[in-house]
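Some structures to go through are shown next.
Common to both upcoming complexes is chain A, partnered first by chain B, then by chain C.
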Partner chain A sequence: MDVRSQIAMVFHLDKCLGCHTCSIACKNIWTDRKGTDYMWWNNVETKPGTGFPTKWEDQDKYKGGWVKKDDSINLKSTDKKRIVLNIFHNPHMPSMDDYYEPWTYDYQNLFNAKEGPDQPTALPISKITGEQIDIESGPNWDDDLGGSPIYAKNDPNLEGLTEQQKQQLFAIERLVFFYFPRICNHCLNPACVASCPSGAIYKRGEDGIVLVDQKKCRAWRSCVSACPYKKTYFNWHTGKSEKCILCFPRVETGQAPACFHSCVGRIRYLGVLLYDADRIEEVANLPDEELIEGHRSLVLDPHDPEVIAAAQRNGVHDSVIESAQNSPTYKFVKEWRIALPPHIEYRTMPMLYYVPPMSPVMATQEGKTINHVSDNLFHDIDEARVPVKFLANLFGAGHEAKVVYALRKSKAVRWYRRAVTVGDVSMEDAKKMLGAADCTVEEAEEIYKLTSLCTVEDRYVIPPAHREEAIEMIEDPHCHRQSVGFGFVSGPRRGA
Partner chain B sequence: MASAQSYLDQLFFGVLPYLALIIFFLVTIQRYRSQAFTYSSLSSQFLENQRHFWGLVPLHYGILVVVMGHVVAFMFPRQLLAWNGHPIRLYILEISALIFGLLTLLGLLSTLVRRFAFSKVRTVTSLADILLYVLLLVQVISGVYVAVMHSWGSSWFAASASPYLWSIITLDPDISYVIAMPFAVKLHIVNACLVIGFFPFTRLVHILVIPNPYLWRRPQVVRWNKAPGLRR
Partner chain C sequence: MREPLSVAKVPRRSYWMKWCAAGFMILFLAMPRGAAGQETAAFYKQNCYSCHTIGGGRLVGPDLKNVTTRQDRDWLARFMLNPQAMIDRGDPYAKQILEESRGVVMSQVAGLTRERANALLDLIEAESALEKSQFEGVKFSDRPFTSQDVERGERLFKGVESLKNGGPSCISCHTVRGLGLLGGGRLGVDLTKVSERVGGRKPLSAWLVSPATTTMQPVFKENAMEAEEILSLVAFFEDAAKQVGDDDSVAPLTFFLMGLGGMVLVLGAFDIIWKNRFRAVRRPLVAGGQMGTRV
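Let's turn to the complex of A and B:
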């Protein structure tokens, strides 16, 4: 048992409002430099939708992540052999067209335009070339276009849905969609790290944050293709890859990452998970349907004396173990089992988990009467307007059982609380539901508290840093916004 | 007049190579030590992904083979001459050298057109890039010209260019090997020195950081922020 600690995250999708505050907080701190203008280390997608970059989940196109072949897993398109052959031209790399061309507006024209019959306008100009452009796409280009035949219809997760289920998703006036905020998952088996020819990307031993060493990156671009979540971005100005750094300068000083701190819906949770690094390879090799359970089994019980002893032997500080014992992520992932990893079938072992969203309650129509309740108390999960199959493609490697489990529990907790506070549901029914959803009353209360009444301290349990000498930090990045990236005494000047 | 010519020869073939090598080593090392961040291939594939293939791939594979050919001829002149003893082998060598030379030239022209035809790629083009294009064009064109006009280069390279290069390396420059060479060859040599001297100021430095440990390292990289020895 090789016990290590990882700062892991849970996003509760039922609470996300799609306000994009998180994205803006991140952009303001990290990606307002030249060359990073198109990057969204944190972005919020509408699902169903094509996402950012367009159709990033379509691994037939981008060929990211790992695939299982016989007894071992290989990077889908970025294993060593292929990287060596393709080093001059990376065949599956997305280009700027798959993201968007960043632009600003020619505001001067409002003042300088010659007198004429029309009002002057501020035309869009490219932030790269300075030339006038037609805006063809942008960040969140398909925001809120859940039912759109141009965007939502192309969502790769719709695969395997029946025609009827698809119709259900796209029916006019009954559109349904939800938001899907994404940051780097700081994976346990990161494809970006494994593919980097320079060995520039690494996982920090103490907290599992995955970083790109800017001084070692040589623009071979394999990480961009390798990350199945498309969360490494290529800085076209400096010729270096960059990615979400989980705000490590903030985390090291006890503050939540900016996107967490600013989250309006309070959907984000952050805390330490202790995991067994010896078993990562074994778990990453499991068949698809066992991946979620295997991934969960990597996470160790921080109260177990054996685990504590192994962690101490490994140099995990007592304060970090204590932090793991209070971790909200541990509760969601391991105790309640209602948080699931996104696209575990990519086998990078993501350390960001999602509580799947419940869609609006669906009524069934029989002749002229509309029924809201049926004998089956969970009918609106089975017949939900966001078909479970769709959620299973996102959070269950295509298998519905784990998603259904999480949804049932969430629903049971809701009904239970409804019985307590509103009273229009009988406590008997509520308890029946809790029982069917594998949830006790105490657990329901706990879930309810951490979901609805959570304070900042409940949501973010940040372990003390214990980094006597910070390797990455040489300068305070906040003092050098827009000029110096992170970790530089001199400015990150483009080479020649 | 004759002495002015010999002074020039001395300068170009006796002094310039050393100047180039000194600049090459001093500046690449200094740049790596103080400006490691700027060591990058500065790929522009992200900005233009279609034409990129047709320029970069022939250019790189062409140049790799051609440079390897030069190195082999320089290292093993005797073996090369023996190999060329059979005309058929000589022909094969010459023709393949020419093919890869032409591949390089086509690739170079294709990247050049791409670089200036696409406005996004144009904006990430520096003065150093432009100078480098000029030098590389002269180098490749003169090389292909030599291959076509002064055939059997693999043999005479081994017989006279190789000893000249060895004399440079052993700090005992003997320029008599090269002063009798045709103009195109001389141009190729002088320009090569310019490329080497200019190398550290350009994106060419990415050649020096070719990722070798990659091939045998374990897939995952973990860095601990502790003194080595403290942890396993």
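Let's turn to the complex of A and C:
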């Protein structure tokens, strides 16, 4: 047992209101530099929809992630031989058009325009060429089902839905969608790290954050094609790849990452998971239907004395173990089992989990009364406006069981709380539902608390980074204190 | 290898010349091999021998026997130093020489100075006085060429058979039409009609004994071709000129077309090798969506 610690995340999609505050917070801190205009380390997608870059989930095109072949898994985009043969021309690079051409506006025109019959306008100009452009696409172009006959209809997760289900999904006045915020998953088996010919990408030992060494990166861009979530981006100005750093300078000082901190819907949770690194390879090789359970089994119980002893042997600090014991992600992932990894079939073992969203309640009409209650207590899951199959494609590698389990539990907790506070449904029904959803009253209360009444301290249990101890190994902390600050000591340069 | 140096071979004209020659000797001894200073006879052999005889009849250029009686020394020296300039200036005698040589202009002689030109004229005068000059010209076998000669010549030209004394084969710089698609080198002139240009077998053979142009001289100075090799090459050149006849088709065009075809092939191969490469996703999606049925 090789116990390591990982800062893992849970996004509760039922609470996401799609405001993009997270994206803007991230953009303002990290990607407002030249060459990073088009990057969205954090973005929010509408589902059904094609996301950013367009249709990134279509791995037949983008070739991201791992594929199972015989007894082992291989990168889909490259291997040791292909990386050498294609080193000067990566054949699976998304084009700029599949992200979007970053633009600004010619504001000067508002002041300098010659007098004419029309009001002057600020025309869009490309940030790449400086020429005027027609904006054809943007980072959230299909937001709220914009252009749905083109974009939402081509969502790769619609695969396997019946024609009737598809039609229902897009029927007028029955349109339904939910939001899907995405950052780097800081995977346990990252394809970007595996594909890098320069060895520039690494997973930090202490907290599992995946980073690109800006001095080692040689612009081969194999990480861009290898990451199935398309969360590494190429900075065309510095000639280096960049990605979400989980705001490690903030995390190391006990603050939540910017996107977490700014989240309006409080959908984000962050905490340490202890996992068994010895078993990653074995789990990544499991057949599709066993992946979720396997992935979950990698996460170890931080209260188990054996695990604690093994963690201590591995140099995991006691305070980190304690942090893992209070971790909200551990509860969502392991105890309540309602948080699921996105597209586990890419086999990168993502460390960002999602609580699947519930669709709007389906009503039945009897005469003039609209009835939301049905004899079948879970009817709105089975006949949800968002078909379970769609969610299963997103969070269950195409298998519905785990998604249904999570949805039923969420639904049961809701009914239980409705019985407690509103009282329009009977507690008897609610308890019946809890029982059917494999949930106790205590658990329901806990879920309710961490979902609805959570404070910042509940949501973000950030392990101490012990930088003061780490720096002692390298230099005198008093000297170090005078030599560091914000920004690059020396900026990344092409070829350097 | 150069002959041992001897002052005796330099015609004695004056003390000044002697000392000058001695000075040259010393200079020559002091300098690395291949430097400018050379003994006159050796210089003649190196630079003049391939086109001129003294009493052996004309080769590419005229027979130099008694040349000093045909023109004054000053004129001759000026011509030797810069033949092209004399012709350009419209000198009638220079033009006459050009005509007699069927338009072949005497090539500029590398390392020729006024002093050396005078020394050469002295040498020619002295040799003309002899009954049989040492520079009468090489004697070549004049047996008729056989097809074996032509074949061997082609092999030598192409470098299939290398030259015995280590000289580079002709193809590295020259081409002859009918060599195949790629032809030979393009650095030197096209040799398809060289035998016609220089005036047949004898001048061509003499030329090949010690090629005198600034490019070829340093290459073949140390590794001259053998008589048998020269014979075969001349046979090959004569045959090549005959084969082509008056056909003046443009070889560069085939070369260009081949390049074009090659490029198309390479690009086609790239397209096949990377057939699974990433192509645009968003644009086709949007284009397809607009044409497809709306829900």
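By definition in this document, the second predicted complex is superposed on the first by the 461 of 496 C-alpha atoms of A that agree within 3 Å, B and C clash if a C-alpha of one lies under 4 Å from a C-alpha of the other, contacts with A are read in each partner's own complex, and residues count from 1 in each chain.
To be clear about the criterion, contacts are C-beta pairs under 8 Å (C-beta built on N, C-alpha and C of every residue); 3 or more make two chains touch, one makes a residue touch a chain.
From a predicted model like this one, the values you see are computed outputs, not experimental measurements.
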A:Lys153 touches, of chain B and chain C: first, second, both or neither? second
First, second, both or neither for A:Pro53, with chain B first and chain C second: second
Which superposed partner A:Ile135 touches (first chain B, second chain C, both, neither): neither
Chain B versus chain C as contact partner of A:Trp236, first or second or both or neither: first
Contacts of A:Gln214 with chain B and chain C, given as first, second, both or neither: first
Partner chain in contact with A:Lys61 - chain B first, chain C second, else both or neither: second
Touched chain A residues, chain B compared with chain C: B
First (chain B), second (chain C), both or neither touched by A:Met93: both
Contacts of A:Phe170 with chain B and chain C, given as first, second, both or neither: second
Where chain A meets both chain C and chain B, residue numbers: 89, 91, 93, 95, 97
Complex contacts: residues of chain B adjacent to chain A: 35-49, 52-53, 56-57, 59-61, 119-120, 122-124, 126-129, 201-203, 205-206, 209, 211, 213-215, 217, 219-226, 230-231
Residue ranges of chain C in contact with chain A within the complex: 274, 276-283, 285-286, 288-290, 292, 294-295
Chain A residues touching chain B - in the complex, by the definition given at the top: 80, 83-84, 88-91, 93, 95-97, 101, 126, 128-131, 189-190, 193-194, 196-199, 201-206, 214-221, 224, 234, 236-240, 314-315, 467-471, 488, 490, 492-496
In the complex with chain C, residue positions of chain A that touch it: 50, 53-55, 58, 61-63, 89, 91-95, 97-98, 136-137, 147-151, 153-154, 167, 170-171, 225
